[in-house]
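Residue numbering begins at 1 within each chain, and the chains themselves are lettered A, B, C and D in the order written.
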Amino acid sequence: MDTRRSKTATAFVAALTLTLVAGGAAAQGAPPADAAAARPLSPVKPARETAAKRAAVNAVDRHAAELTGLSDRIWAYAETALREHKSAAALADYAEQRGFKVERGVAGMPTAFVATYGSGRPVIGVMGEYDALPGISQKASPVKEALETGAGGHGCGHNLFGAASLGAALAIKEQIAAGKLDGTIRFYGTPAEENYGGKIYMAREGLFDGVDVVLAWHPSDETQADMVSSQAMVDLMVEFQGKAAHAAGDPWNGRSALDAAELFTHGINQMREHVKPTSRMHYTIPAAGDVPNVVPEHAKVWLWLRDWERDEVEGLLARTRKLAEGAATMTGTAATVHVQGGSWNMLVNETGERLLHSNLLWLGPIVYTEAEQAFARQIQQATGVPEVGMFGGIKPLEGQVAEGGSTDVADVSWIAPTLHVSVATSPKDAPWHAWPVVATGGMSIGHKGLVQASKVLAATMVDLYEQPRTLAAIQAEFKAKKGDTAYKAYVPDGPPPVPEG
Amino acid sequence: MDTRRSKTATAFVAALTLTLVAGGAAAQGAPPADAAAARPLSPVKPARETAAKRAAVNAVDRHAAELTGLSDRIWAYAETALREHKSAAALADYAEQRGFKVERGVAGMPTAFVATYGSGRPVIGVMGEYDALPGISQKASPVKEALETGAGGHGCGHNLFGAASLGAALAIKEQIAAGKLDGTIRFYGTPAEENYGGKIYMAREGLFDGVDVVLAWHPSDETQADMVSSQAMVDLMVEFQGKAAHAAGDPWNGRSALDAAELFTHGINQMREHVKPTSRMHYTIPAAGDVPNVVPEHAKVWLWLRDWERDEVEGLLARTRKLAEGAATMTGTAATVHVQGGSWNMLVNETGERLLHSNLLWLGPIVYTEAEQAFARQIQQATGVPEVGMFGGIKPLEGQVAEGGSTDVADVSWIAPTLHVSVATSPKDAPWHAWPVVATGGMSIGHKGLVQASKVLAATMVDLYEQPRTLAAIQAEFKAKKGDTAYKAYVPDGPPPVPEG
Amino acid sequence: MDTRRSKTATAFVAALTLTLVAGGAAAQGAPPADAAAARPLSPVKPARETAAKRAAVNAVDRHAAELTGLSDRIWAYAETALREHKSAAALADYAEQRGFKVERGVAGMPTAFVATYGSGRPVIGVMGEYDALPGISQKASPVKEALETGAGGHGCGHNLFGAASLGAALAIKEQIAAGKLDGTIRFYGTPAEENYGGKIYMAREGLFDGVDVVLAWHPSDETQADMVSSQAMVDLMVEFQGKAAHAAGDPWNGRSALDAAELFTHGINQMREHVKPTSRMHYTIPAAGDVPNVVPEHAKVWLWLRDWERDEVEGLLARTRKLAEGAATMTGTAATVHVQGGSWNMLVNETGERLLHSNLLWLGPIVYTEAEQAFARQIQQATGVPEVGMFGGIKPLEGQVAEGGSTDVADVSWIAPTLHVSVATSPKDAPWHAWPVVATGGMSIGHKGLVQASKVLAATMVDLYEQPRTLAAIQAEFKAKKGDTAYKAYVPDGPPPVPEG
Amino acid sequence: MDTRRSKTATAFVAALTLTLVAGGAAAQGAPPADAAAARPLSPVKPARETAAKRAAVNAVDRHAAELTGLSDRIWAYAETALREHKSAAALADYAEQRGFKVERGVAGMPTAFVATYGSGRPVIGVMGEYDALPGISQKASPVKEALETGAGGHGCGHNLFGAASLGAALAIKEQIAAGKLDGTIRFYGTPAEENYGGKIYMAREGLFDGVDVVLAWHPSDETQADMVSSQAMVDLMVEFQGKAAHAAGDPWNGRSALDAAELFTHGINQMREHVKPTSRMHYTIPAAGDVPNVVPEHAKVWLWLRDWERDEVEGLLARTRKLAEGAATMTGTAATVHVQGGSWNMLVNETGERLLHSNLLWLGPIVYTEAEQAFARQIQQATGVPEVGMFGGIKPLEGQVAEGGSTDVADVSWIAPTLHVSVATSPKDAPWHAWPVVATGGMSIGHKGLVQASKVLAATMVDLYEQPRTLAAIQAEFKAKKGDTAYKAYVPDGPPPVPEG
């Protein structure tokens, strides 16, 4: 029988496991009879509705015009990683004006800041991003047209992200100020998510130490409390140095760094058979010779290694070093492996996600106008995806998927319990990191997502202040899952790579 | 945010899902509070104990000496695939002597047979294998020593498999004969599992058509009703034909088939990134040139493609054809892709597996003597695995794992609902397809497994005759899962590859 | 016996044959009748010394200050390919001032020109280059120091090339004007040798049609009439287009153009075994993905194919197209092969080279001062080559070598008999296309080479005007070697790639 | 200018140089003083005709029937390497019967022997081979038909080789016996040329020490004194050891030796760009996994490295070791490099070859009957080569070619001056190591070649005995070319690989 009888790999089985989870009874029907693959768990308890929660949500509505104004300014600035000077200032100034104590330029990054209000426990943090992506400038229009050719654009919706999170923090601040809640609220202005990983430097600096719970959200094409982990990741530059020679004249005197790079990538591709199915390895070749008539003396492979388990990533990294060393030996070249950065896998907090989900159900779906739906369908038509418009509903909690990805939010999740929710801000299935996300992020569709995100964060935070047992359960799950693991940032020693000028 | 936001790959998520399943209340405790990854399902109902079931199980005990005698003879014959003449005759003769009507030489294979008793519905089938593996002859001894150097050995325990299944069929036959059960019992003598896939030819011949349920078991190092699917698989030989030349004299006139094979395998290795994590591709290179001083004009790559989904395998097959074609184009050679065989993925029947599990629990664990445990530990010591002895307990039902494998039982599972159970016959974690399995398969440890397997199959079959609603539920699940798929054997047209002489 | 007995590859043997060597006064006999491919040369006849030749050589001396002035200006301009506006103007203006009729902007290139004087046959052409190389600015100093950081530099000595050739043309013009010689002298201002191949466009335009003989020289580290051919070459860009996907999210939906490029280059490297030892293939990979988290949808391989036989290059080109096609088929991508340019192999004219050699011997070696030798040795020390100083002697005629290279002069050699001589302008063995060549090209060492080159070209041209039988023999050899081959430029259709602005 | 200006690779240029060719009566002058690498040869002096030479040649005619009888018996035995028991005995017995003192079983090989006659200096040796090739049995017929299916055949004409050389030795022996010549004649029975390299073991044993000149010939499709060197060669087996795992079950626990082998060969193919054009590297992959469902734990690459310079081969060997080491590092496997054998490049003795050539001219062409020509043309038709029949003429001396190959005769050439001549025995251009060579080797065409070879060897040996100055010149050239190089056999330590039984 051509199977491997031993079942010793049980630990790994767990890594692929789909934990399947039911939402409220109202939102979901009975599980399908034959759904062997997808089974409901115990139902989520309905959210508690309190005066403080109602007040916090109303506060978001009250500030909505200001928050969308902030978002629109940041959308227009479209500043990329570690260059978000105007964006960070807009948010920090607003926080300061509203009574927060603001510390700017934290963790060595001029565009990182922390805004705090209140005192004592619990300390609840909420994170906001505001960096844009290069080169995808776009108007708030359902057809592709640059606002400014060649400029950046908010193709990941971080203009909404920062403003909504700050709005939630402000809503809580007002309840503390009003004596309805006790404790500390802290807004983290976290720059450079798209590159460098600003939160990693902030985590390394200890800025999340002692926080009870941290929350974050992210723009998406649907609304869901995120039970799905992210992948641990390490970012490498592998460089080979050979010896140049005239490629027609005396190629026998050359030692090609490109040969080494090609052997290295061949080895990576072979190694795919011999890694766990959860691992991902992907690369580009940023340097591979200048002109054909010179044997290339320098080549670089830019490689990312990922897995849902950080230990696997460490194993891949060790083997990658051997691949580089061997490829150099084979070609008479020298290899260097630079770890440029990396993030940890997300430590999902199920107790917290169930709480977020209950508040999503309590808030109800986002409702769009016909004009907004038409705007969304026009984008869907332009990008060749089904013309179904916006999806305003709430997706049930969902287990682990095979599809991977990484985020610097995950690093925070190993320091404090971290709750994460996605909120719809863009048309279903339209391409991400692309013009459609910029377009809807600059008009009412994005604004509605901003307000909804702000509310669900505020409502959930109210629960954290008001329900000590829930807070304790979240922290207990965090401690159990974290175990003995000590967080250590993947970023290189030294200051963050802040660009000059 | 470096994730893929769209959740369109939902269908695939299901493929990796771990369906987690509880056993009886007695056997398992409460789920661990933090076990996000592994959750109990609804509990398995306790097995029904009836007079017929008690009688069937007693019949197995009554015939135990004969059955172990049959097993020991087949163990000693140690005949490999499609050469199991004496082994098949021993089982067929025994069935005939005990009142079965036997049809020998079915589906073009001299060593395949069907033994039938009774009439009318339901028609329940049970399968038995009896082929050995080449070159692993071994005495029934806890140290490695060949019975006959170079000869075959039952390193997969099929001597036990055939005898136990026939014993279960005989136990049912006696209940039908006694008027305690109504219907037809059929034993399938299925040769050549280790090579060629005898059941595939029998399936192609229609021998499983119209059967209500088919059962099988397999020797293992633990006892468990199998919820785990097997992988669909296709076996290919990819041949390249180039042009020979003197490798020092005029290599520029040669076109190397080995070059083509190396590009082809390079392409396979690259393609690993671009297939589902559930896919497996593995190969050897059986022909790669004769002598170095001739440019190789012929090369062969032997390749297996697998996935838990047959559609994925079909996709891999289509892409493999392109890989071969492209590699030939690149090298000025010609490529041929031969599909040599293949099997389908196992259609797991959860209703049936829960029934098997209930009967395992009803029978209770296997109890070993201290001498048997010492024998097992001696083997474990010799093979460098933990010296924990035999594991006689019953494992809970378990979801899908990442570890793959294929079997021709799976082809049958697309024609009739197929229930499969593993029963311990060898020391925990000792190497499979190796001498330890031969050793314990020839002495009391294997005999105990044989008897236990025979009993659980008999008991479960009694349920199938006595519980029409359970039988109907099993068939309904089968139909729902099978859907419109029409089974088509992967084996090439024409007769099975029966060896001469 | 492990050899290839058949001797059918005779034609190829000839390609590697060393055509031998005539040097000093000693005599050789007639070549053996049957040794077509390999035979001793008759000795070089001593150069004829005539009044016109003496006058022409004196004219070079007379204009030496102007010519070195021109060279120094072009050296300082250091303009790269098709941007040589001031350099071309300096030469064209000088020619015009001295009585030549100048046509500027020929063959679609603003910096190409033809300067003509005289009328009737024979029409003798002499070519001059004047483009610099980017990024190697250097002072006329024996230590590495940029004249202007980041600017270009004359690392191939083309400042000397253009001025010396024009000096020779001027010397002949004066003899025609004085009635000492009859016929037409034509100076070709040929831009963009280092890139694009200006002469190829001029050849395509028909500018060399009807010319009786064309001469050229090139700066070198030694002085020798060039019997060594250059390689035919074709310059390709091979592009692959695949399908992007998130490399962690759904890599199975991606089709990697980089995979295709890697298979393509693997195929190139395998093919090295199956090409003639005279072939050269070398590449870089200018595009190989942008960021690791996206499956690369676009990749480019920049490839040069060369051989001393153009037919071999054509064969390599056909096979390269197959390599690209096959790599695309293997990876589910699309391939495009762009021929970007290319040059022919040099049709060496032995009769003409013997004439050049005789005039080199007649002129005698270049004599350097001790300061110049010290300058050269300092460069040699700095660049790690033997500190032997300048080599002023005349190397004997020499046969084909294994070391390859290409030049656009070769294209002209298929339209008119082309005579080529190297003259020492830089320290022996110092690196080419590098700062040492710039350094000596801007001071007296380069100036001495300029004058010597100008003289040997002038003296040889006098012979061509005065010795109709020698001219006829040169043309007969050209016709015999060229045979039926019709020249066709490798450059793409359409105008030359003149940069804007 | 895209060429490599430096001419430092001069030593290499010489390696490809065609040393030229003297044939008929026409005279050449002295080579130029500075052209060490490339110069015309002086014409070959006509052969001296003496009484002893006439007598020796007549002796060959006199023994022709016996010699062809010996050849036909060996042709029929068709014994392969180190199994040539009957063939060696036939030759040794004949030598003994004719008065030679025979030492059998020399150098550890039962089928190697030395037959000696005479005493004192000079000591002239002549070598004879007699091993057949496996699997190419063929009748003496112009159509392909096996004499005995599956048996060996003399596809390299060694049946003729041994008999002709012994015939020449016998002719000399008779002149010594008659007092016409003084010195020692020695026939070397050299087995196993096609495999193992018998002469290498004989050389290692010192059997050629102190011999003044050694001669050999080889069957061919044309007649020529061989100025062409052979390639130095080393034969390697590169083994990789990894770790097996179930390829579907837990491939992540496997480390594939086949992956290592594929990286290794990829590295070999890349390295082709970075070796001299004279180098050859070719391989097969004799072990590359057993069955696809097990990660291959063992793989072997069989590799030959060659060049016309042994130093280059040593360089390739050192780099190959690095390739193996690096490929193992990359894949987590272990590599072993076994040097299995190898031969040196042939030290061509031009003085000796000129002497051979003069005697070929003196003997004149081989004349074939119309029936023989028809036989040859029928073979040519059957094998698809031009139907030109036999070529009986004498080819002029010829320089180095690009086509490579190796022979164990070359090892001898570093111990004593070795003269080698090819004589036509098979149809022009018909495939070698194939049935046509067997066919003509067993009938009159082969017999005529045998007699001609015997005569030219005998005539040349007479010159060596009679012309002390020529002998001294041959030895002086040998010493000058050999220089300080100390011969060391490439074969592994220990006895030759004599097969059992």
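Structure notes:
FYI, a residue touches a chain if its C-beta (ideal position, glycine included) is under 8 Å from a C-beta of that chain, and two chains touch if they have at least 3 such contacts.
All values derive from a computational prediction rather than experimental measurement.
The chain with its C-alpha centre at the largest distance from the centre of subunit C is B. Across B-C and C-D, it is C-D that has more C-beta pairs touching.
Subunit C and subunit D have CA centres that are 43 Å apart.
For this pair, subunit A with subunit D, the centres built from the Cα atoms lie 70 Å apart. Computed centre separation for the pair subunit B/subunit C is 70 angstrom, with centres defined by C-alpha atoms. Annotation for subunit B: residues touching 2 or more other chains are 2-4, 9, 233, 246-251, 262, 266, 270, 273, 276, 282, 293, 295, 403-406. The residues of subunit D lying in touch with subunit B in their complex are 231, 233, 235, 246-251, 258, 262, 265-266, 280, 282-286, 288-293, 295-296, 302-304, 306, 403-406. The residues of subunit B lying in touch with subunit A in their complex are 1-9, 12-20, 34, 36-39, 41, 156, 193-194, 218, 220-222, 230, 233, 266, 269-270, 272-273, 276-278, 281-282, 348, 350, 399, 401-407, 429, 432, 477, 480-481.
Contacts from subunit D toward subunit A in the complex involve residues 2-4, 9, 246-256, 259, 262-264, 266-267, 270-271, 273-276, 293, 295, 319, 322-323, 325-332.
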